[in-house]
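Heads up, the next two complexes both have chain A, just with different partners, chain B and then chain C.
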Partner chain A sequence: MTAAERTNLGLAGLALLAAALLPVVGSGYWLSIGISIAMYTVLATSWALFSGPTNYISLATAAFFGLGMYTVAGGINLLPFPVLVALAALAGAVLAGVVGLATLRISGVYFVIFTLGLAELVRQLVAWGQHVMGASSGLFVLINVSDRMLYWMLLALAVLVYLVGWWIGRSRLGFALRIIGNDEVVAVHAGINTARAKVALFVIAGAFAALTGAVMAPRYNYVEPTLAFNPFLSFQVVIMALLGGAHRLWGPLLGVIPLTFLLEAISRSFPRQQILLLGVAFLLIVYFVPAGVVGLVEGAFRRRKFGHA
Partner chain B sequence: MDVLIIGLLLGGIYALMAMGLQLQYGVARIMNLANGEILVAAALSTFWFYTALHVSPFLALLAIVPAAFGLNWAIYRYLMLPLVRRARSQGHLEVDSILATFGLSFISVGVLLAVFGGHYLNYSYLAVPFRIFGENYGLNRVAAFLGASAICAGLYVWLVRTRPGLTLRAIAVNPQAAGLVGIDVVKVSAFGFALGGAVTATGGALLSMFLTFDASIGVIFTLKALVIVILGGVSDVRGAIAASFILGLTETLVATFVDPGLTIAAAYVLFLAILLLRPQGLFGRRPA
Partner chain C sequence: MHDGASPTPALRIEAVSRRFGGLVAVDGVSLEMAPNQVLGLIGPNGSGKTTMINLISGALKPSGGTIRLYGADVTGAGATVIARLGVARTFQIVRMLPSLTVLENVAAGGVFGHRRFWGAELHARTYDVLRRVGLDRAADSPVEALTYIDQKRVELARALIADPKLLLLDEWLAGLNHTELTTGIALIEALRREGRTIVVVEHVMGAIRALCDRCVVMMGGSKIAEGTPSEVLAHPEVIRAYLGDAHA
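Up next is the complex of A and B:
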C-alpha cells in the first residue's frame, strides 16, 4: 500500500464515520435527506460499476429496485426480514443474469431497449400474478425499522458497493471491462470472454439495486406496483451517475449529493414540473458535462500540470 | 375471427408508427427514445382539435403533420447534429443520442402533463358499428386502418420508386458512400428524421380515434415501435410491416385470452424470441 492509498483510505474512513454519526446529531429533515443520499449513492454507484466502464446504458434500475421491494413485501409474513433481503439480492441477480444472457451477447442497442421496458414488464407480471392468485394489488409491510436503522443499513450497503467496486477495479474482471468499453473488437481479439464479463457485472449491479429496494420496503408501509416500479427512479439514477462521472468509483457520489438537494427543492416548490425540470437538467448534463464533474476536475488538473488546454 | 381482425386493424397502424422510428434510426442513425412522446403529443393534439374545435381527426392531420415535421427537423438540426459532430465513433453517437433522446422524452412528458393534465383522455368519433364477415367493429378502427394503410403504401412506393426515396435508402445503407456520390448527407438525414417524426405523429393521430391516451404513456409506444423495428430487421420496410401485424395480433390474442394488462409482456416475448433465434430480424440479412 502506497502513502497516497493510505491517505485516501484514512479520508474515506473519516467520511464514513462522519456519515454514520449523522442520525445522532441531525434532526428529522437531515435524516431523511441522509436516507435519500445513501439510497441514491448505492443505486448510482452500482449502476456505474457496470455502465461506466462498458458504456452500456442500463435503464432498468427501477425493475430491480421494485423486485427487491416486492420480495420483502410479499414474504414479510412468512420469513424474517434479513432472509428476505438476501432473497431479494438473489432475485435481482437472477433477473439481471437472464436479461444479460439474452441481450448482452449482441450489440448494445438491444440491451438499452430491453432495459427501457423491463420495469414495466416486471410490473405487469407482478400485477398479473397478484390478480391470478386473487390478492389485492397492494401489500402491507408492517415491521418496525426506525429511520435511523434504515439509514445505517443503507450506509452499510454503500460501504459494500465501494468495497466491491474497489475490488473489481483491481481485478482482471475490471481490466477486461475497461478494454471492452474502449473497443469491444480488441477485447474479443485479446481473448476476453466479453459476454461473460458483461453479464457478471450486470448481475452485481442488479443485485445491489434489488438489495436497496428490499431495505427501503419498510419505509413505505404500503407497497403497490406503480410505487415500486416507478420508471422515474431509473431516470434519476442515470442522471446522478452521469453528473458525477460514471468512470470513477467515487464519481456518482458527486452527482448524488447536489441532485438529491435539487430534487428535494423541486418537489417542494414545483411538484408539478418535476419531470420537466429534471429532463432539462438531464439534457444540460449530456450536452455540457459529458464526462461529469469528475471529468471537469480531472481536465482542470491536467491543464495545470501540462500548461495547455 | 374477430380477434384476428382487431389484431390486424391494430397492426396496420402500428406499421405507420414503426416506419417513423425506422426512418429515424435507419437514415439519421438516431435511436430516438422520445418517439413515443411524439406519438402521444399528436394523439392528444387530435383530441384537442376534435373536442375544442370540432375538427375531424383526418383534417387535424393537416396541421399536426407539418408541425411534427418542423419540430423533428429542429430537434435533429439543433440537438442531434451537435452530437453527430462530436461523436468519435458510431458507438459513441449511439450512447449520446440515446441519453439525449431519453432526456428529451422526460421533457416532453413534463410539457404534455402541464398542457393536458395527468388524466386519461379519449373522444368519440365515428363510433358506429361496421360489419366485416358478419361481425361488428368500430368504424373508427376501420377508418384509421384504411388511412394508415394508404399512407404506408404511399410511403413505400415513394421510398422504392422515386429519386428522393433512393437518396434516403442510400444513406441508410452507407452514409460515407452516399456522401461520395454527391448526396448532402446532413440535409437528407435531417429530412429523414423529420419525415420519421411526421409519420409517427400520423400514427398517433390515427390511434387516438379509438385508444385512450394519457401524457405519460409514450414510453409504451416507443417500446412497441422498437420491438417492431427489431423484429422486422432494422433496414427493411417490408419487415417492419410484417412485424407490426405480428405484434398487433399477438397483443390482441394475449389481451383476449390471458389478461389485458399483459400487452408489454407479449411484446417482450416476441422480443426475446427474435433475440435468441434471429437477431438480425425476420427480413434482415446476417452481417457479413
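Up next is the complex of A and C:
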C-alpha cells in the first residue's frame, strides 16, 4: 500500500467514524437528513458502479428498490427481518440478471426507456398480485426499527458498496468495464465477454438497490406500490450520481450531500413545486457542472499542480 | 514440413461469402496459409479485404463457407471466442481507448484473450511490448496526446501482448509519412523474422514486396490471383485491376 493510499484509507476511516457518531450527537432533523444521505449514497454509488464505466443510463433503481421493499413487506409475518433482507438482495440480483441478459444488447436510449418501463411493469404486476390475493392496496410492515438503527444499517450498506466498488476497481472485471465503456469493439477483439461483464455489474447494482429498499421498508408502516416503485427515485439517483461524478467511486457522494439538502429545503418550502424546481436544478447542473463535482475538484487540483488551466 | 507431409494450415478458408443485403462483399473466396508465414491481402478499394479481416476475426459472420484456425472450425464464432483462440487484430482506422493511459491501452489486450496476465506479470509484459514498438517512455501518457503513428504502435502492441497465433493487420502502414513508413516496415519485418503468422492488408507496394511470403489479390469480392508478391504483381489481371485495361 502506498503512502497516498494509507492517507486515503485513514481519511475514509475518520469520515466513517464521524458518520457513525451522528445519531449520538444529533437527532430529529439531522438524523433524518443522515438517513437520506446514507440511503442515496448506497443507491447512487451502486448505480454508478454499473453506469459510470459502461455509460448505460439505467432508470431501473425504483424497480429493484421496490422489489426489495415488497420482499420485506410481503414476508414480514413469515420470516425474520434479516432473512428477508438477504432474500431481497437475491430477488434484486435475479431480476437484474434476467433483465440484463434480455436488454444489455440494446444500447443507448432504448436501454434507458426499457429500464424506466421496468419499474412501471413490476409496479403493475405487484398491484395486480395484491388485487388477486384479495389484499388491500398495500401491506403493513409493523416491526420496530428505530431511526438510529435504520441509519446504522444504511451506513453499513454504504461501507459494503464502497468495499465492493474498491474491489471491482482493482479487479479484471473493473478493467473489462473500463475498456467496454471506451470502445466495445476493442473489448470483444481483446477477448472480453462484454455481455457477461455488463450483466455482472447490473446484478450488483440491482442487488444493492433491492437491499436498500428492504432496509427502508420498516420506516413506512404501510407499503404501497406507488410508494415502493416511485419512478422519481430512479431520476433522483441518476441526477445525484451525475452531479457528483459517476467515474470515481467517491463521486456520487459529492452529489448526494448537496442534493439531499436541496431536496429537503425544496420539499419543506415549496412542497407543490418540488418536481418543477428539481427539473430546473437538473438543467442548471448539466449546463454548469457537466463533469460533476469530481470534475471541478480534479480540475482545480490539476491547476494547482501545474500552475495553469 | 520438410518431409513432405503438409502441416495443419494456420488458416484455411473455403468458399467464404458475405452479403450485405443485395451487395456481395466477399464472394466464394478460398485461401490457405501455413504457420509462420506472412500473407498479403491486396486489391483495390472496396474489393472486400477488410470484410475478409472482419470475417476471420469474428466481427462478421460469413453468409456461407467455412473458416478453420489451426484445424478447428470457427465458422460463425464471435469475436470474443476468436480472440481467445489466439487471433489478434488492428483496425483500419485506429481505435484508442481515450480515457486510458498508453500502458492501459496496451494491457487491455493481455488480460482476457489467448494468453492472460495480471498484476506484476501484466505490468512487466506490457513494458516488454511497449519497448518493442518503441513507446516505453510514453507508458503513462494519455493516448490522445500521441501522434498518429504512435497510436498505431499502441494498437500493434495491444495485439502483440497476448502472443497471438494469428495476427491481422488491416492497413497498419496506411497514413504514415515516408520516414514513419520505413520504421513501420522494419517493425513488421522484425515480427516476420521471429516467425509470426500474419495476414496484412496493404496498399503500399514496397511493403508488400518486402514483407509478404504470399499474396492473395481480391477484386469485387473475389480472389483473382494468388502467388508470391512478384508473381501476382506481374499478373495481367492484377495490373488490369489496379491500372485499367490499357496497361495489361
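Definition applied: the second predicted complex is superposed on the first by the 302 of 309 C-alpha atoms of A that agree within 3 Å, B and C clash if a C-alpha of one lies under 4 Å from a C-alpha of the other, contacts with A are read in each partner's own complex, and residues count from 1 in each chain.
The working rule: a contact is a pair of C-beta atoms (placed from the backbone, for glycine too) under 8 Å apart; a residue touches a chain by one contact, two chains touch by 3 or more.
Fair warning: this is a prediction, and the values are worked out from it, not measured in the lab.
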{"item": "Side-by-side fit of chain B and chain C on chain A, or clash", "value": "fit"}
{"item": "First, second, both or neither for A:His189, with chain B first and chain C second", "value": "second"}
{"item": "First (chain B), second (chain C), both or neither touched by A:Phe175", "value": "second"}
{"item": "Partner contacting more residues of chain A (chain B vs chain C)", "value": "B"}
{"item": "Chain B versus chain C as contact partner of A:Gln236, first or second or both or neither", "value": "neither"}
{"item": "Chain B versus chain C - smallest C-alpha distance in the overlay, whole Å", "value": "5"}
{"item": "Contact residues common to both interfaces of chain A (with chain B and with chain C)", "value": "none"}
{"item": "Residues of chain B that touch chain A when the two form their complex", "value": "31, 33, 79, 82, 91-92, 94-96, 98-100, 102-111, 113-114, 219-220, 222-223, 226-227, 230, 259, 261-265, 267-268, 271-272, 275-276, 279"}
{"item": "Complex contact set, residues of chain A against chain C", "value": "172, 175-176, 178-179, 181-183, 185-194, 247"}
{"item": "Residues of chain A defined as touching chain B within the complex", "value": "55, 57, 59, 102-103, 106, 108-110, 112-114, 116-117, 120-121, 124-125, 127-128, 131, 231, 235, 238-239, 242, 272-280, 282-283, 286-287, 290"}
{"item": "In the complex, chain C residues that touch chain A", "value": "57-59, 78-80, 83-84, 88-89, 91, 95-100, 104, 107-109, 111-114, 118, 158, 162"}
